[in-house]
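Some structures are shown below for you to check.
Each of the next two complexes has subunit A plus one more chain, namely subunit B in the first and subunit C in the second.
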Partner chain A sequence: MRVSLMRVSPLRAGLARDVAVAVAGLALLLALPMLFPQPALRDFLIYFFAYGLLAMSLNLLVGLTGLVSFGHAAYFATGAYAFGLLMQSGLVSIPVAALAAVGGTALVALVIGAICVRLKEIYFSFITLAFQMFIHSVIVTWVSLTGGDQGLRGGIPRPPILGLDLNDARVLYGTCAVVFVLCILAMRQVAQSPFGYTLRMIRDNPARANFLGVDVTAMKLGIFVFAAAMASVGGLILALFVSGAYPEFAFWTTSGEAIFMIMLGGMKVFLGPLAGTLLLQTLNHYVTIYTEHHGLVLGTVILVIVLGLRRGLADVLYDWLQARRARRAAASDPVPGSFEPAPLADGALIKGRTV
Partner chain B sequence: MNLEALVDCLSSASCAVTQVSTGLIVGMLLFLVTSGLSLIFGVLGIINFTHGAFYMLGAYFAFTAYALSGSFLAAMAAGAVGVGLFGMAFERLIMSRVYGRDILMQLLVCYAMILILDDGVKLLYGGEYRMMGMPDAFALPPVEIAGGFVPGYYLFMVGIALAAGLALWLGINGTRLGKIVRALAINPQMVGALGINTTLLYAGVFGLGSLLAGLAGALAAPIRTLTPGMGLSILIESFIVTVIGGMGSIAGAFLAALLIGFTRAFGAIGFPLFVDGMMFALMALVLIVKPSGLLGREAA
Partner chain C sequence: MGTNSVSGRAPSRRQVLGGLAAGAAITGFPHIAGAQAKAIRVGMPTILSGRVAILGTSSRAAVQLAFRQINEAGGIGGRTLELVDRDSKGRPDEAAKVTRDLINNDGCEIIIDGEASSGAFAVHEVIRDLPVLCLHTCSETSSLSADPKLHVKTAFRCARQGIHDAVAGSTYAARIAKQKGLKRWMTCSPDYAYGRDNTAEFLEFAKLFEPSIETVDQVWPKLFAPDYTESITKILQTKPQAVYSALWGGDLVAFIEQSNLYRLFANVAMFSGGLGDPPVLTAIKQLPPGLNTAYRYNRTYPAKPANTAFADGFAKIAGHEPTNWAWQTYLGCLFVAEALKRTGGRTEGAKLASELKGMAVAAPFAVGETITMRDSDHTIVGYPVAWGRTVPKAPFVEDFSDVDWGKIVELETQWKKGKGYA
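What follows is the complex of A and B.
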């Protein structure tokens, strides 16, 4: 354990690659609205940033640690409300309000998490859901502070930061894109750190982790708080963009959608949840155009995918690519006089999660 | 906060009686829902997140049956049996396909089912609030107890809930079938090897658990407004009850349901804005002091 920890230096080899990918991704995100200048695309992408961060941070719990939280949207909403309220007070600048909102959310998550991570598996799911509904009920009941059902109204002011005027839609988009990419990069670093690998061990064999001297509860609490903080950044982006905050952010369906995004995107690729976010957002977009019975359609789609495909769409694609690669390798490396190796069995691939 | 009002209420017999009766019926509804949830969990090892939606379904089934037949007995039967059958079908067709798979899949299936049921009810009955109204059979003057007035229907409800709870307890602890179900919870392979149809039993237990939720919904229909999504709050509360009472303990569920019922009833007077907070504080306290719950056997 010691040895493996020391071997991994803070500047690991993958960091340079991750930064390069992040820069390329950011360049692509910044170029997209220039190539397709429709405001609708920009709006779509900002929603994508917000919900993408929610799904990605939830996957730190679900995919990385094996903690299936059903209440992750609580922190998304806490971030949004804390940021909105701080900005409406007019006392602080955007960066200060943002940092305070993220810090405040982390504190809330620390208290709730300290209770939740003591529970295992499905108990954890339902206790996180219960706490989320508690936060939802606080938002709905505390009308004088939060505006209750109507949401936080009156708009969120956007004073300029360092000469950047966030009231300009393009600047706002650019800022959100930068924050989004930075958060993804931070989550990647955590997932690839020794801490991240310890979490994988906890997921796969908590008893063994415990025997090796890992404080399982503290590790779980650590990732719970970090994931909550990342989710709050998503909420903050959304609050800044829609210039308000609504109780729906904290409603259980938001958490349910985030779980579905993860499932859609699959758990084998780090950025999988983002693919899921994109898919679900596109689906939601078209469903709301054609029918008001959104739940009926979404529910049916989920059932078909879970019971029919039995895995996420991205996993299907990933498995197909893997199988094809295996076939290619087999074809280009013929062993004379032997049987052609069979492509990798599906089951072997389905087993693995985030590597 | 209005603790004076709370003290006033507790010291006046009539107010105390009224609030106790309110607490009792809230507690009894919660007890029915929670015991179903707990039964399913105890035997099948899954948490049925759709349980709240089943409660809603029970209320709407009862609403329809009452409108059609005018008999509350028929409404109750329709709510309970209808939801029981629905639960069995759900278990066979959908839930059984995700047994033994990732919890994520179980959660998603339940999430999908709640979306479908809520929207389905909205499609059939409209999204607005519906009232069933008090059945004629119970349109009696309220019973006076120590100066407080208690509607006759409340007494009926408490009676039915107690009878259902007692029947469940006796059925599980005192009959041969109950013994088989208890064995199924501990060692399903062995039960199957003895030639007992475990598939049927699983469906039956799931159906019975759903039936209890449906019965609670039907009992709640005359005194609550019906709306799609009405199951969510009772689902959350029954989670809290399960945690406080201890997973898998019917007696614990009973005790905790009453505790939450009284917290709700008296909290509404003393600290109306803090009732939810109080319930969660109770739950957090139990989790910290005794994680297995008041009457739970093993650590959760």
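What follows is the complex of A and C.
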């Protein structure tokens, strides 16, 4: 009993801390529009929520499991289209449509993932890209259902739910913020669970994981489906925001952008992809205002970060903090022969960890 | 003593701040209000980068020309028109975001939507949420204004549309087919919704007007394909008498250039809906004579001094001849200016929309004297839908032959009934 408590309590402490951080984050997100009431900030943040979920969910595959998917936007788009079509049918409420869209996307991902996760490395990447382009082609050619290359037209109705009118921009923002924080919290719990640590083991040494009795394929499939479901929530938020769904959501460039966000933010820190999303979307927002040569500016920034820092921004910040902490610890504990952590500037100690 | 000391002391920080606030209210606010009253900001989401950037850059140049002329003529009751443009990169979600930004953040009171296809639908939905006046000036998709389910009270289309072009093009093609005995037809159009819809509508009406027309084959090259050899050799093997193509832009340039190598047009009559755009015509190194094309823009048609003046003014700003999108956007500016004049400078979407309904403006491009914004479905009628034939040198297209708008409207009404739109 005592042993059991000792095992459980750190988990509970971790969960309590995560919930506390999530509540604080949500409070900040809800307070921001009150401090800065410009509608443009709300719009920007909703956009950030949508693409942030896409990048965060992709990092469950790339950073946590070592599966570099080039086709993650397919599930982003599937969620958007499924939600949009259900709402346009007028048969269901927003929560039912949202749950059905996420569930439907998970089913699609289950079928596709069952094929993809059996492949490794570049073959996995290419087959995910192939499935994405397949879904993109279905969207473009199934004109009677999806509207083809014109997208889902006619708007997405937002009937009130439990007294909440999502046609009110402030209510829409608040709802999106709550959904966003809940999804981030769910992803955090998965990453910190035994399942999450099994995925790290698979990433670092799949042969050893297999030898230890882990069903590697099933584990990969599990995270593939979960990541797709989380990406679909991002698509759903964007569909609500723009009141439509478009084939561009499923195009390979959207997946490419998500990979850029992860590269810019970093893979090791859990919220790193969000930092990348914020950076990319902010740059995109302001650079577009001043010049149409935004590709040149964004490309330069990405080159500087990739070639200059060789890590994401959040990773750089984390490594710097760790190095400083190590230096302080070394300075306050000069006992000869005592344990000294290895230099952290190159990230060697934390390599492979999601923090 | 106490009272005296209070009255004689230095003002507190709160009093200073209060005084500053009051001062700002007296001096600053009228200044801001004056600045707001001076210019009417018009937002323009459009595509300024990527493959079809010319759509946005030429539309923007048209607005710059129109606003300069309007402002030089005294503006709207002394207020000037100011353009705020923003690149959507051709992404519909980005188009929605920048449109919201233009309205919410940049204070734009009117939107001139320079988006193509899906981007225009995205902007349309934003206008449903934020009902400022919006003129779509580039989207040719008929359902944008024809489908009553998509109707938005403050949104209008100031651009040609597919169904009008289909009726006009097939009327012209049927006449030529009858004259020259062209019975065996083939099509070569891009493989996506616009290409297939446009081609289907053209053939439907062409066969209606000239029942002897027979479709012997159809080829569907991919959109943005660099190589059309396969399609061209298929046409050569099938040996049709005429080919209709919905290819456009750089794809059409590549198709014509590559067809020249095979001397395709020596024995086949070519009908194209997109060839008449000046940038396309000038991009083709050896423009074959006698190709049939729809009017997209031409400085010699309609033959009016105002049209030539527009072309000259535009070329000074853009450095090239006007595009189809340019005249449509310029016309949109004329509608906006006229509506603002009628409302006395009031910019409420509903107010401007009520003025725009049924409005007729004298435009350099009008076939008659005016182009009308139709009341029932918020779209323009009376614009040039002529077809002509190519010549290798400027003006590149001549012998324009117009189609009666009465006939177009009649067949459009039937088409709407068939689609369940009317």
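Observations on the structure shown:
The rule is simple: the second predicted complex is superposed on the first by the 307 of 355 C-alpha atoms of A that agree within 3 Å, B and C clash if a C-alpha of one lies under 4 Å from a C-alpha of the other, contacts with A are read in each partner's own complex, and residues count from 1 in each chain.
The rule is simple: contacts are C-beta pairs under 8 Å (C-beta built on N, C-alpha and C of every residue); 3 or more make two chains touch, one makes a residue touch a chain.
Predicted model, so just to flag it, every value in this text is computed and none were measured.
Superposition note: with subunit A as the common reference, subunit B and subunit C are in steric clash. In the superposition on chain A, contact is made by A:Phe131 with subunit B only, not with subunit C. When the shared chain is aligned, subunit B and subunit C each come close enough to touch A:His293. In the superposed model, A:Ala20 lies in contact with neither subunit B nor subunit C.
Between subunit B and subunit C, B contacts the larger number of subunit A residues. By the touch criterion defined above, A:Gly155 reaches subunit C but does not reach subunit B.
Within the superposed arrangement, the part of subunit C that overlaps subunit B, taken from 9-17, 99-107, 189-197 or 225-233, is 225-233. Common to the subunit B and subunit C interfaces on subunit A are residues 293-295.
On the side of subunit A, the complex with subunit B involves touching residues 62, 68, 70, 115, 118-123, 125-127, 129-131, 133-134, 137-138, 141-142, 252-253, 256, 259-260, 262-263, 293-296, 298-300, 302-303, 306-307, 310. Those residues of subunit C lying in contact with subunit A across their complex are 48-49, 53, 56, 86-87, 89, 91-93, 96-98, 100-101, 104-105, 117-118, 121-122, 125-126, 128-129, 141, 143, 147, 149-150, 192-194. On subunit A, the positions that touch subunit C within their shared complex are 38-40, 43, 47, 140, 143, 148-151, 153-155, 167, 169, 238, 241-244, 246-249, 285, 288-289, 292-295.
Those residues of subunit B that touch subunit A in the shared complex are 46-47, 49, 94, 97-98, 103-109, 111-116, 118-120, 122-123, 232-233, 236, 239-240, 243, 247, 273, 276-277, 280, 283-284, 287-288, 291, 300.
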